[in-house]
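Below are structures written as structure tokens.
Each of the two complexes below includes subunit A, the first together with subunit B, the second together with subunit C.
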Partner chain A sequence: MKNQAVKYYPMLPVLAAYAVLFLIGRNMSGMWQLVAMLLFYCALGQAFNIFLGMTGYVDFGYVAFMGVGTYGMALAISRLAHIEGLGAGIIVIGFVLAVLMSTLLSIAVGAVALRLRGAYFAIATIGVNEGFRFLIEGARIWNGSEGIIFTAQLNQILGREAASALAIFWADVFVLTIAVAAALVTLIYMRSKIGYALTALREDEDAAKVMGINVTKFKIIAFITSASFAGLVGASSWALKTPYVFPPEVFEIHYTIEAIIIVLLGGAGTLLGPLVGGLIYGISKYYLSIFIPGFQLLIFAPIIIVIIVVFPEGVVGMLKAKTRNTAAGRFIV
Partner chain B sequence: MTLLQLDNVTKRFGGLVAVDHVSLEIDTGQFVGIVGPNGSGKTTLFNLISGVFFPEEGHVYFEEVDITRMPPYKRAPLGIGRTFQIPRPFSSATVRENIAVGAMFGSLGKELSVDDSMAVADQLIEKLDLATHRDKAAGSLTPVEKKMMEIGRALAMKPKILLMDEAMAGMHPSDIDQMVAFTRQIAEEENISIVAMVEHIMRAVIGMAEKVIVLHQGAKLVDAPTQEALKDPKVVEVYLGGSGGR
Partner chain C sequence: MVFEQLAGNLFQGLVLGAVYGMATMGLSLIFGVLKVVNVGHGAFVMVGAFITFWLFSALGVNPIFAIPVAFVIGLGLGLFFYYTVIQRLIKAPELATLLATFSIGVLLQEVIKLIFGSEFRGYNWTVGKIDLGLTVLPVSKLLACLGSVGIAVLLYIWFNRTRAGSAMRSVVEDSEGARVCGVNVGAAYAWSFALGIGLTVTSGVLLTMFIPVGINPYMGGGYTLKAFVIAVLGGLSSPYGAFFGGLVFGLIENGSYTLFALLPGVEPFALTRFLSFVILLIILLIRPTGLLARK
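And then the complex of A and B:
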């Protein structure tokens, strides 16, 4: 049994890092806003890593899953608010709907796009988020381009104070929980046959096939898992923090790009990578925009290029290689 | 008993006939050498057996089941293992993990847990003399070590037939001898049929093969017990050129 516990040691640094983040945010005045942003980026990275990192496939339409997750929460709150006695249960319903909708979309996208390889997959997914946005706007689904504003319903159900506490604190705690859960799922996958199958198909898909690996099945598992976490991140970080949703905001490709940068900076396919990547990305973005407003991207781009050049496997990828077969290596995967 | 049977199999790439109406049979536990010059269709033949391509004509039977159009990931659990001409390791994974992947998804895959598979890998690592490389990334091995590892990975699948694609090309003669001895030992212990494919008629293959199949321009030229095949004038012609103008 001890052997089994050792396998999950790498969760310890993850939990420690999130605990420290949480404590800094709670105890240092003015820090919660930064911590909330970092939690968002870390959670986004952890979620995307399950697909991008573990399979090596780049999904440029990834933000669509966050978008429909946001809609899931928005629809639950705005449409079910009239039912008496739901109380905070409406948020649970919202999360369930968010997972359901992002899962369904990922099955639809995956069924078509995952038949394609590498660059072709990436190209096929580029339009997914924009396509979905125009579908909502053009077909006037879910209020079309007017979006859904559900501040009033949220206040009505939870009361003004609780709704405000939800937006400024609890939504971020949900994001933290999602990030930890995504990390745990990543580690469980890594330690199971799923993880080995994904590593094999990432390294050489044809060799993996003749070794008996049903590559399509494992790609879809990773894709759906990753998408449902994205839906949860959208539902909590976007819908609950700011109780409205507009199509152009939640289908913005910019977030996909940020997620890719975070995963690659930290180390694709590693457990700690998205956490480290999210912290580096979030902290640099936050302080650069304070100290040199307007020029942050000018400084930021070279920093990212330097990190990518110095650590092609990502920061954690490099650490992992260095600590292989040492005591510390047990914690860094 | 016939383990693998190809019945009049043809594979074309556009106008090129890579494998031309080839029929052959391989028995359980048999050691067969497939010989043919570059471009004679050897690798395509392996790809048809392991399911990378499907043939345009003909049928492939494994243990009397028609697997002609079965996807590759379903063939491996039946007991069809292979190595590649140019080794294709899962580079970022360790040697141990690479070999364990074979066990996880091979013919015993359903019964073996991740830990069991690692134990299988450890045994093979001992036998293959790769212990010093056990926890290294497979990508960092030398080509010969990669070949050894690939054989380990294929053996971990507990195959009934092992297709070895140019397994010995580029190896030092002493390494070849070691590998031949090892492969033969495992094949006998576990009753595995081995189909080794080589470009040249090599000492190593001849030392082991009970039967030699010679391919030439996609078609089967000779299919005979080793000693007979070597004396066949058609083989001499393909390998030495000309028609013996002595």
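And then the complex of A and C:
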């Protein structure tokens, strides 16, 4: 039994960090907005890391899953608002729909793209985000390029005050929950057969195959898990905070870029990496936007290039190597 | 009536397709020689467009003279990024070069945004039009098409008639074998990357003839996707395959636009871009080596 608990020790620093973040946000005036942004980036990183970090495959169309998640919540609220007595249950339906839609899209994309290796996979994913956006706009699905605005429905169901509390507080609490859940799932995967299979595949896919590992199955598991978390992040951080959805905004490649930066900065494939990366990126973006608004990527793009060339293991990866076989090492994964 | 329109648009597609093809040769060259996928491809196209825009509007330079300028700047950028970044990642996992070239693209976008701002820019170079009966073709587009064909021919001659060109081809075939035969593989890598980037930046000059007011730091994303569709059409590692892939893609793009426009209640432009993504997936699935590639 004791051994089982030791496996999950690395969750402690993760939980501690999120608790500290939450307390700072609640107790220091004016800090909640910053904390909410940090939570968004950490959650984005945790979710993205499950695929990029664990498989070593890069999905350039990742934001599409956040986009359809946002649509899931938007469709639930805008289409079901007329049903009496749903109340706050409509949010639950929205989350279920968000997970369902992002999972379905990831199965569709994964079934095609995950048959492909390395570079070919990356090429296939480059168009997912744009392709899906232009399908929605072109075929006028879900109102096409006009998008969905559901502020009125949300106010009608929950009442103006509850809707506003949802936007400025509860949506961020959901994001926090998603981030913790994604971290927990990452650790569970790491400590199970899935994690070992993915490590083998990341090191040498051919060898893993020869050893009898069903590499495609494990890649798809990681892909779908990562995508459904992205759908949840979109549903809470975008749909609930700003009750509208427009295709060009939710299928914006910018967020894929940010996810890549966060995961690489912290350390791909580590548990703490996305958290550390999210904090570094979020805090720098927040303060950079005061001095030079809109140019954080000008600073981060060269930093990421240097990281890829000089220390590809990221901040947590280096920390992990330093603390190996020490007491602290048990907590840093 | 519809058929006349379709024929006219297909002709325009062929003209644009030649430029698309030339714009993809650099991507295929780099993949063929270095096995590196340049995910930042579109950003280099964008740099070429801005060079043309700046030379024309600030110095009054004819876009035709922007071609050598863009090519030299492209060579320089290629050598710079090769020696600072790519060379160190040749032996690293594929993920590293994918993310590195992607980040280089982001960096270029941000630098151009810092210099020029993020508004849409354009320039007006009037050199008349030719009426071909079926369609009216601006001379600027015709020149871009001829320029693309000319560059492709020059590249062909260079590859087949010069020592450096043969060395590069030998590296594509078998880099170990080339090394044994005394080819300086390191230099071939560096110059292929530089040449690839040079061609890509140059294609940005030619593409501005087709986008009167579409020059913007973020314009590259669409070209990256198109270039990948074209490159896989042509087999991904062959510059000539890419050129013919471009012709095919130009026909598909303009043809499907004409047909989608007949459907009620859709946005044909958006559907055309969706279609290019579907084509990409289908080719990758059934023939990842490309439709035009030799077995």
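Just so it is clear, the second predicted complex is superposed on the first by the 313 of 333 C-alpha atoms of A that agree within 3 Å, B and C clash if a C-alpha of one lies under 4 Å from a C-alpha of the other, contacts with A are read in each partner's own complex, and residues count from 1 in each chain.
We adopt the following convention: a contact is a pair of C-beta atoms (placed from the backbone, for glycine too) under 8 Å apart; a residue touches a chain by one contact, two chains touch by 3 or more.
Everything numeric here is computed off the predicted structure, so don't read it as measured data.
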Which of subunit B and subunit C A:229 touches, first, second, both or neither: neither
Subunit B versus subunit C as contact partner of A:197, first or second or both or neither: first
Partner, of subunit C and subunit B, that touches more residues belonging to subunit A: C
Which superposed partner A:150 touches (first subunit B, second subunit C, both, neither): neither
Touching partner for A:209 - first (subunit B), second (subunit C), both, neither: first
Touched partner set for A:58, first subunit B, second subunit C, both or neither: second
Partner chain in contact with A:123 - subunit B first, subunit C second, else both or neither: second
Which superposed partner A:115 touches (first subunit B, second subunit C, both, neither): second
A:324 touches, of subunit B and subunit C: first, second, both or neither? first
Parts of subunit C lying in touch with subunit A, wherever the complex brings them together: 31, 35, 37, 39, 85, 88-89, 92-96, 98-100, 102-104, 106-107, 109-111, 113-114, 221-222, 224-225, 228-229, 232, 260, 265-274, 276-278, 280-281, 284-285, 288
List of subunit B residues in touch with subunit A within their complex: 50-52, 71-77, 80, 82, 84, 88-93, 97, 100-102, 104-106, 109, 114-115, 135, 137, 153, 157
Residues of subunit A defined as touching subunit C within the complex: 56-58, 60, 112-113, 115-116, 118-120, 122-124, 126-128, 130-131, 134-135, 137-140, 144-145, 253, 257, 260, 264, 295, 297-298, 301-302, 304-305, 308-309, 312
Parts of subunit A lying in touch with subunit B, wherever the complex brings them together: 3, 191-193, 196-197, 199-200, 202-204, 206-215, 269, 321, 324-325
